[in-house]
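Please go over the structures that come below.
Common to both upcoming complexes is subunit A, partnered first by subunit B, then by subunit C.
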Partner chain A sequence: MFYQILANGLIAGAIYALVAAGFSLIYSTTKFVHFAHGGVIALSAYMLYLFYSLLGINFWLSAILAIISGVIIGVGIDYLVYQPLRKRRASPVIILISSVSVLLILESLNLMLFGADVKSINFLDIGSGWSIGPVIITSLQIFIVISSFVLLVTLFLFMKYSKIGKAMRAVADNKNVAEIVGISAERIYTWSFAIGSLIAGFAAVLISLEQNIEPTMGTALIIKGFTASIIGGVESVAGGVLGAFLLGLTENFGIWWLPSSYKDAIAFVILFAFLLLRPEGILGVKKNQK
Partner chain B sequence: MASAYIIHLLILICIYLILSLSLNLSVGYSGVLNLGHIAFYGLGAYTSALMALAGVPFLLCLLAGGLVAMFSGFLLALPTDKIKGDYLALVTVGFSFIIYSLMLNLDEVTRGPLGLPGIPRPSIFGFGFEDNFSFLILIAVITLAVYFIIQRIADSPFGKLLEAVRDDELAAKILGKDTFKAKAFSLAISAFFAGIAGALYASYITFIDPSSFSLMQIIPIISIVIIGGLASLPGTVLATIILTLIPEALRFVGFPSSILGPMRQIIYALILLLILIYRPRGFLGKVELE
Partner chain C sequence: MKNDILKIENLKKHFGGVLAVDDCSFGVERGTITALIGPNGSGKTTVFNLISGVTKVDSGKILLNDLNIAHLQPSVISNLGISRVFQQSRLFGNLTVEENLMLAFDNEDQKFWASFLGDWWRKPASAKDTARQSKKQIIDEYLESMHITHMRDKQTRDLSFGQKRLVEILRALINPHNLLMLDEPVAGVTPELRDKIKKVLLELKAKGETILLIEHDMNFTLKVADWVIVMDAGQVIVEGIPDEIRHNPKVLEAYLD
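Our next item is the complex of A and B:
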């Protein structure tokens, strides 16, 4: 039982990590909460459904198209909403409210265009399970864990060694100094949204293989991704990933004692506790005042 | 038939008025960006509905709904001394999530997603408000009372203290003002009225379920407050009327109701975004949201 819960926790953690990684990447450079990230994931998932199930395009091509749509949506939101707000120096609070509005718009679009009923992508067979010792894992879940691992390692290498990755870290660290040495912060913001939304599109594909697609999935996912980032430390992608696995494990071990409908409540209570007691997260450094 | 529809609209406007006027007290006057106002509304609705179903007289239910919300508003005010700005907004979002998931998961009390049907209509000292017209008179009287109470608070020395806290908390502290107490009181009063609005909503619709109290429901109300203008009660009234009536126009264009719901949300969110980008002061606002 213990090992099965451990495995379930890690699988949930891998999915949350994909959500949290894109979210914290965007937060680390732009310093505002992009709640609509969840909406980007949800809309990309619907795009996959549109291309694969409705138009009958080959799965891998549909997946690539869905990821590209994710990037277009993410960068589009930045261009249409956040950029004008930044231009007039709106406070993070204003941007926070506008990101919640964008999330609401994306969810309502899903509802309007695709209806309220759940959709599913039946590409990989979920039924066949592998047993490793006492643990049963489906091949789909192994696929999800491996691909998110590969994606996160690639992201880590990209941030560490590529020129754009370095510039992103510089802007995250100190925007003014980065601009003095000639890095355009606006250009880096666009890159953050592009890469963050690319991960969102990728997450959308993996999540829609494992779960049903529904109009409000974006809110549900961003709550988890956001909670994970707050737990680990919202300023860093590594913190978000760490928080994601901690959250996945806590939730799954929590429902060992509590009824399973309390899974979400566990996440909220952890989120609340961290916001109140340690808002900088586990890996975060305490700043003077938030 | 037409008059029944107009009475229904007027009742909705009254409920929204109580909600948005009270939200303006905390967001507009004391500058506490409270995105958890819907949680107070929901607490008021559930408390009064459960008591009314147990046979408690209406006025007691109304009062209890307000008091439970007020108490939770006071609790939510506790961290405002330490946490500020967007982090505080996130704490209130977390609070809203927790209350929502309690409504959904405390099956024994709230019946979870099934909701509470058959809530009795108000009856005061033997006089029942069974038909909508008498209900409208009741709620209009309460709304007027709420307006004047909030106006009295805003014009009182306490109201001036709240504005001082909003504009420069440090300066208010230097003058020896207890800024924490001021914020806690304003949040508690604001929560009390939101609870009253919830109790009225429950007894009007006679059915409540968690979906009316999800986080996204804050968007229309925060839109009203921002569009009308912070710290402007006439602005709030104007914005409430306009925002309630705009989506109703869609009904006459003849869209099916499955499209109407999401479209209404999109309209609210779009108006809010446009105001945030182009006119952050709203119609009659005295200050900008920080």
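Our next item is the complex of A and C:
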């Protein structure tokens, strides 16, 4: 039982990690909370449903189109909503409220375009499982964990070695100094939204294979991604990933003793505990230590 | 006639009810070290912030090679050729010394679509490798000149105050520029390091660099500067060669007030 829960926790963590990585990446450079990131994931999932289930396009091509849609939606939100607000020097609270508004608009758009009933992508068979010792894991779950791992390693390498990755880390560290050495912060924000939303699109594809697609799924996902980022340290992408796995494991071990409906409550209890006791998160650095 | 690379004309800046820079005008001659001095609160750093675009100008002109840069973004101003060192070291703490310096090179390949699509269609891979190698070589030479080669792979947040100062000066030197602006480069550093920085500045001048400098250490300033501009209450009160400034009663009065 222990190993099965461990496996379930790691699988949940792999999905949360994709949500948290994109969210943290955008936060680290722009320094505002992009709650609409959940909406980008949900709408990308519906795009997959549109291309694959409704239009009958090949699954892999549909997946690529859904990911591209995610990038366009994410960069579009920045271009149409956040960029004008930044130009007017809007306060972080105004941008926060606007991000929640965009999330609600995207959810309403899902409802309007695709209806309230849940949708599913029946591409890989969820039922057939593999036995690895005492653990039963489906081929879909193995696919999710491996894909998530590959994407996160690629993201890590991109941030560590590419010129844009370094420029993103520079803007995350100090936007004004980055500007002084000739790095346009606005261009880096566009890059952050493009890459963060690409990860969101990727997460949407994996989540749609494992779970049903519903209009409000974005809110549920961003709550997990946000919680994971707070646990790990909201300005650190690596922290967000670490927080995601801790959240996935804690939720799954929690429902060993508690009813499964308490899963979200467990996430909120951890979120409050970290906000009260260690608001900078596990890998975060306290402001006066920077 | 002076061959000015930078001309400041009637510059003004308010912060709420405080007039920090009041109708300030001066020029910086090409190939010289010009020092901007004055008592605390006289508006020197604000002028630096206005020139580099960190603070928005209320009114007036800032002409760099006759182009008005007064309302441009800091990144655009940097790419037009102004390189700057801040009063307090501002390096990217989460990056290594080499990464900090590498970012200071030209940013032409950071244009969004070029970065997104790559520049394989513009340059062969071998040319890119050569460019990268030469950048690494330049960084190595600069680090060697300051005797800090062993710090190349250290994260800058782990450096001492003086080491951070040196890396920041190197970053400003590497950043392609026509004008180098240094805000108190020797404040708080050891006497040995101050001598090293003085030597570097004089070598740069000999190479034809134009430097605009803020410094409180009068001995240091009057030894390295060719021209000194004195500010008080947001205005230029006097300017001239160091010997004239040293004995000017207006300067003494401004510092004693």
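Assume the second predicted complex is superposed on the first by the 287 of 290 C-alpha atoms of A that agree within 3 Å, B and C clash if a C-alpha of one lies under 4 Å from a C-alpha of the other, contacts with A are read in each partner's own complex, and residues count from 1 in each chain.
As a convention for this text, a residue touches a chain if its C-beta (ideal position, glycine included) is under 8 Å from a C-beta of that chain, and two chains touch if they have at least 3 such contacts.
These numbers were taken from a predicted model, which means no experiment stands behind them.
Chemist: Just subunit B (first), just subunit C (second), both, or neither: which does A:P279 touch?
Modeler: first
Chemist: In the superposed arrangement, does A:A265 touch subunit B (first), subunit C (second), both or neither?
Modeler: first
Chemist: Considering only the touch criterion stated at the top, classify A:V93 as touching first (subunit B), second (subunit C), both, or neither.
Modeler: first
Chemist: If you stack the two complexes on chain A, which partner ends up touching A:P84: first (subunit B), second (subunit C), both, or neither?
Modeler: It touches subunit B, and subunit C stays clear.
Chemist: Which touches a greater number of subunit A residues, subunit B or subunit C?
Modeler: Ranking subunit B and subunit C by residues of subunit A touched puts B first.
Chemist: Could you pull out which residues of subunit A sit against subunit B in one structure and against subunit C in the other?
Modeler: In the superposed arrangement, which is not itself an observed complex, subunit A uses residues 290 for both subunit B and subunit C.
Chemist: Inside the complex, what are the residues of subunit A that reach subunit B?
Modeler: Residues of subunit A touching subunit B: 32-33, 81, 84-85, 88, 90-94, 96-98, 100-105, 107-109, 111-112, 115-116, 219, 223, 230, 259, 261-262, 264-265, 268-269, 271-272, 275-276, 279, 289-290.
Chemist: Mind pulling up the subunit A residues that touch subunit C in the complex?
Modeler: Within the complex, subunit A touches subunit C at residues 163-164, 166-167, 169-170, 172-174, 176-187, 190-191, 194, 290.
Chemist: Quick check on the complex: what are the subunit B residues that touch subunit A?
Modeler: Where subunit B meets subunit A, its residues are 33, 35, 79, 83-87, 89-91, 94-95, 97-98, 101-102, 104-105, 107, 112, 215-216, 218-219, 222, 226, 258-259, 261-263, 265-266, 268-270, 272-273, 276-277, 280, 289-290.
Chemist: Mind listing the subunit C positions that touch subunit A in their complex?
Modeler: Interface residues on the subunit C side: 52-54, 73-76, 78-79, 84, 86, 90-95, 99, 102-104, 106-107, 109-112, 115-116, 157, 171, 175.
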